[in-house]
Amino acid sequence: MAIVTLIDEKSATGDVADVYGEIRAVLGLPFVPNMFKAIAHNPAYLRSSWERVKVVMAPGQIDRKTKEMIAIAVSAVNGCDYCVLAHTAGLKSMGTNDAEIVELMAIVDLFSGFNKLLEGLQIPADLGAQGKR
Amino acid sequence: MAIVTLIDEKSATGDVADVYGEIRAVLGLPFVPNMFKAIAHNPAYLRSSWERVKVVMAPGQIDRKTKEMIAIAVSAVNGCDYCVLAHTAGLKSMGTNDAEIVELMAIVDLFSGFNKLLEGLQIPADLGAQGKR
Amino acid sequence: MAIVTLIDEKSATGDVADVYGEIRAVLGLPFVPNMFKAIAHNPAYLRSSWERVKVVMAPGQIDRKTKEMIAIAVSAVNGCDYCVLAHTAGLKSMGTNDAEIVELMAIVDLFSGFNKLLEGLQIPADLGAQGKR
Amino acid sequence: MAIVTLIDEKSATGDVADVYGEIRAVLGLPFVPNMFKAIAHNPAYLRSSWERVKVVMAPGQIDRKTKEMIAIAVSAVNGCDYCVLAHTAGLKSMGTNDAEIVELMAIVDLFSGFNKLLEGLQIPADLGAQGKR
Amino acid sequence: MAIVTLIDEKSATGDVADVYGEIRAVLGLPFVPNMFKAIAHNPAYLRSSWERVKVVMAPGQIDRKTKEMIAIAVSAVNGCDYCVLAHTAGLKSMGTNDAEIVELMAIVDLFSGFNKLLEGLQIPADLGAQGKR
Amino acid sequence: MAIVTLIDEKSATGDVADVYGEIRAVLGLPFVPNMFKAIAHNPAYLRSSWERVKVVMAPGQIDRKTKEMIAIAVSAVNGCDYCVLAHTAGLKSMGTNDAEIVELMAIVDLFSGFNKLLEGLQIPADLGAQGKR
């Protein structure tokens, strides 16, 4: 159970109702995801969050399916069940199978392990891998 | 500075030297990354880690460039400078530009934020996004 | 279910019983929170943890309500449902409404996103924002 | 060093220049923070991120100083040096002293410890601390 | 519910069946843990992961019980219920009692708190505690 | 550089000086670690933190060396360089070599990877691994 009430679609008015309508249309969903129903207590934050979703998730140099996979990997590392479930559903609607999901999670596994190992051992960067100012 | 000595390429013998040679060949690098030089204190762990790298990072349903992007996203969330640098260098050698890297990190930003928000608000999964047993 | 048994209030004796009584009195609760019932297997650790709660959560330069909000933000980032629930209940007893909780979580969202973005991009500190020795 | 170039203020044109100008004006800073100079490679993402900063950080039910403290607490938990430094500088400009910063970090310490303890012990929520649907 | 199907023992063939048999024998379990049943969608990854488990968890300079305790501590910090439960069961089968588990978790609590405090305060390393190249 | 000044040993008076003296004596160090010098801005928090260190790190069912290893593992996962360095120095003073440190970090690697994998795949607990109320 959420720690705040969810503002359902029937109760939404004004800009919240507008954003709800846009979410359903753009995401092609028959419902507004619970996340948006929770943050609708702050309509300006709901609006600015939704605008940012559109900007970040729109296909650019990176295509939409790859963006969904990255979103799932990030959510797995942060331990967010809600996001993993929501975006796995999205990925499956694009034709992903269980083997591809395991292939994705194997990268999460390998690098999460190495990341912590490297932080623990405090290994300096290789000379061949420099940043730039 | 690392908390253990790094076993350099000249000092490596036996299976460690074999793995070092394979790493340079498979990754196409003129050097062995420091990470492997640190874990070489445990040759069996070095070997099994390297075998797993080959399995996980080989192109499968997911291509190599996408795997590198996922590796960078995971490493950013885990806060591992070493891995981000190493794999950004790899990505750049495949022709990635700064705008694409920012496009990638925007997904890390958006979802890391939402992940923590959702964990905080304890939002239940949408009915339309179910797992399976 | 917890991975250790909880030592209930009827079974508590000696210093554990004393700490339990103090917890109920100081927190104004009709029960001892489960967390304390679990760590009571180690009475000295229970005692020193409770002493530290009193020191850290007592109003000082920062008032009690702000401390509760910070505690909830920290717990959201660390993904601890128990703490978020317990301290949201505390915050609500001080008159907080759902909109204020969303306003709080929006900060958790914004900065958790930026934090990971910045770690990923490895942005150097601005010259205008220096620490001191 | 950042893994992407920073787009400096002299090179900025169009919407990037507009956002840069607004950032300096609204934050009252003589420079544009490096974070924004990095994400300016994606002008739409820069714009939507900045719009969201304004919405989330504007005083509402929670005042600006408390928002800065929450931002620092979140950034400490996520381990982001850049954000901690930037927002500590902001907090100090509002008159905060070292003792208040330590009082803030003590809450980060106490709850980060308890958060991990509770996740480890898998303690169920107290009956008195319920969420709502 | 998992986001992928679990490949049960009756359905396993070839190398997956071989690994399953080895897991049951080496771990002394009457069943194959669900984790392995999920990653079996990628037999090479299953095999390389299992080989690495054997290398890492075999007694060396660190004995098996201590390794289980470290595994639980790591899993508590990462917030993984599955691993904490699985390895607590393993630890209990070696004669651990609730007080010892709380003693272990107290270290998780103390250091997770200090870790975040130190990251927040950005305290430089003591001169007496240096790494080496 | 720390974001607060460090209160050095010459400037310490009253209870802070007492705790400083006790820290040097109990830890057998010729200096007070910087962490304590930073939190000394809040003497009651310094005192209660130090009391808790003594309780948690004293040998009990778990011996001191094992406690140091667990502390390092926790600090590696949380990404705290300060704590890893400080406690690795402690461990080395007990005779640990580089191979044992790598053996320890291999567990951090293995389980941090599996932890994130399992959170991502949302694998349910095995029936044979139950908690208790």
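Letters A, B, C, D, E and F name the chains as they come in the text, with residue numbers starting at 1 for each one.
By our rule, a contact is a pair of C-beta atoms (placed from the backbone, for glycine too) under 8 Å apart; a residue touches a chain by one contact, two chains touch by 3 or more.
Just so we're clear, the structure is a prediction, and the values are computed from it rather than from any experiment.
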| item | value |
| --- | --- |
| Centroid comparison with chain F (C-alpha atoms), farthest chain | A |
| Inter-copy rotation, chain B to chain F, in degrees (Cα atoms; steps of 5) | 120 |
| Comparison of E-F and B-C (more C-beta pairs in contact) | E-F |
| From chain B, the most remote chain by mean C-alpha position | C |
| Chain centre separation (chain A, chain C; CA means) in Å | 27 |
| Distance between the centres, which are taken as Cα means, of chain E and chain B, whole angstrom | 20 |
| Residues of chain A whose C-beta touches two or more other chains | 1-6, 38-39, 42, 45, 49, 52, 55-56, 60, 73-75, 77-79, 81, 84-85, 88, 99, 101-103, 105-106, 108-112, 114-117, 119-122, 124, 130-131, 133 |
| Topology of the chain contact graph, where touching chains are joined (line, ring, star, complete, other) | complete |
| Chain A-facing residues of chain F, complex | 72-73, 75-77, 79, 81, 84-85, 101-102, 105-106, 108-117, 119-122 |
| Partner chain C, residues of chain E touching it in the complex | 79, 84-85, 88, 98-99, 101-103, 105-106, 109, 116, 122, 124 |
| Chain D residues touching chain C - in the complex, by the definition given at the top | 1-4, 6, 29-31, 33-35, 38-39, 52-53, 55-57, 60-62, 66-67, 69-71, 73-75, 77-83, 85-86, 88-89, 97, 99-100, 103-104, 106-112, 114-131 |
| Chain C partner contacts - residues on chain A that touch it in the complex | 3-5, 38-39, 41-42, 45, 49, 74, 78-79, 131, 133 |
| Residue ranges of chain E in contact with chain B within the complex | 1-6, 42, 44-45, 47-49, 51-52, 55-56, 60, 130-133 |
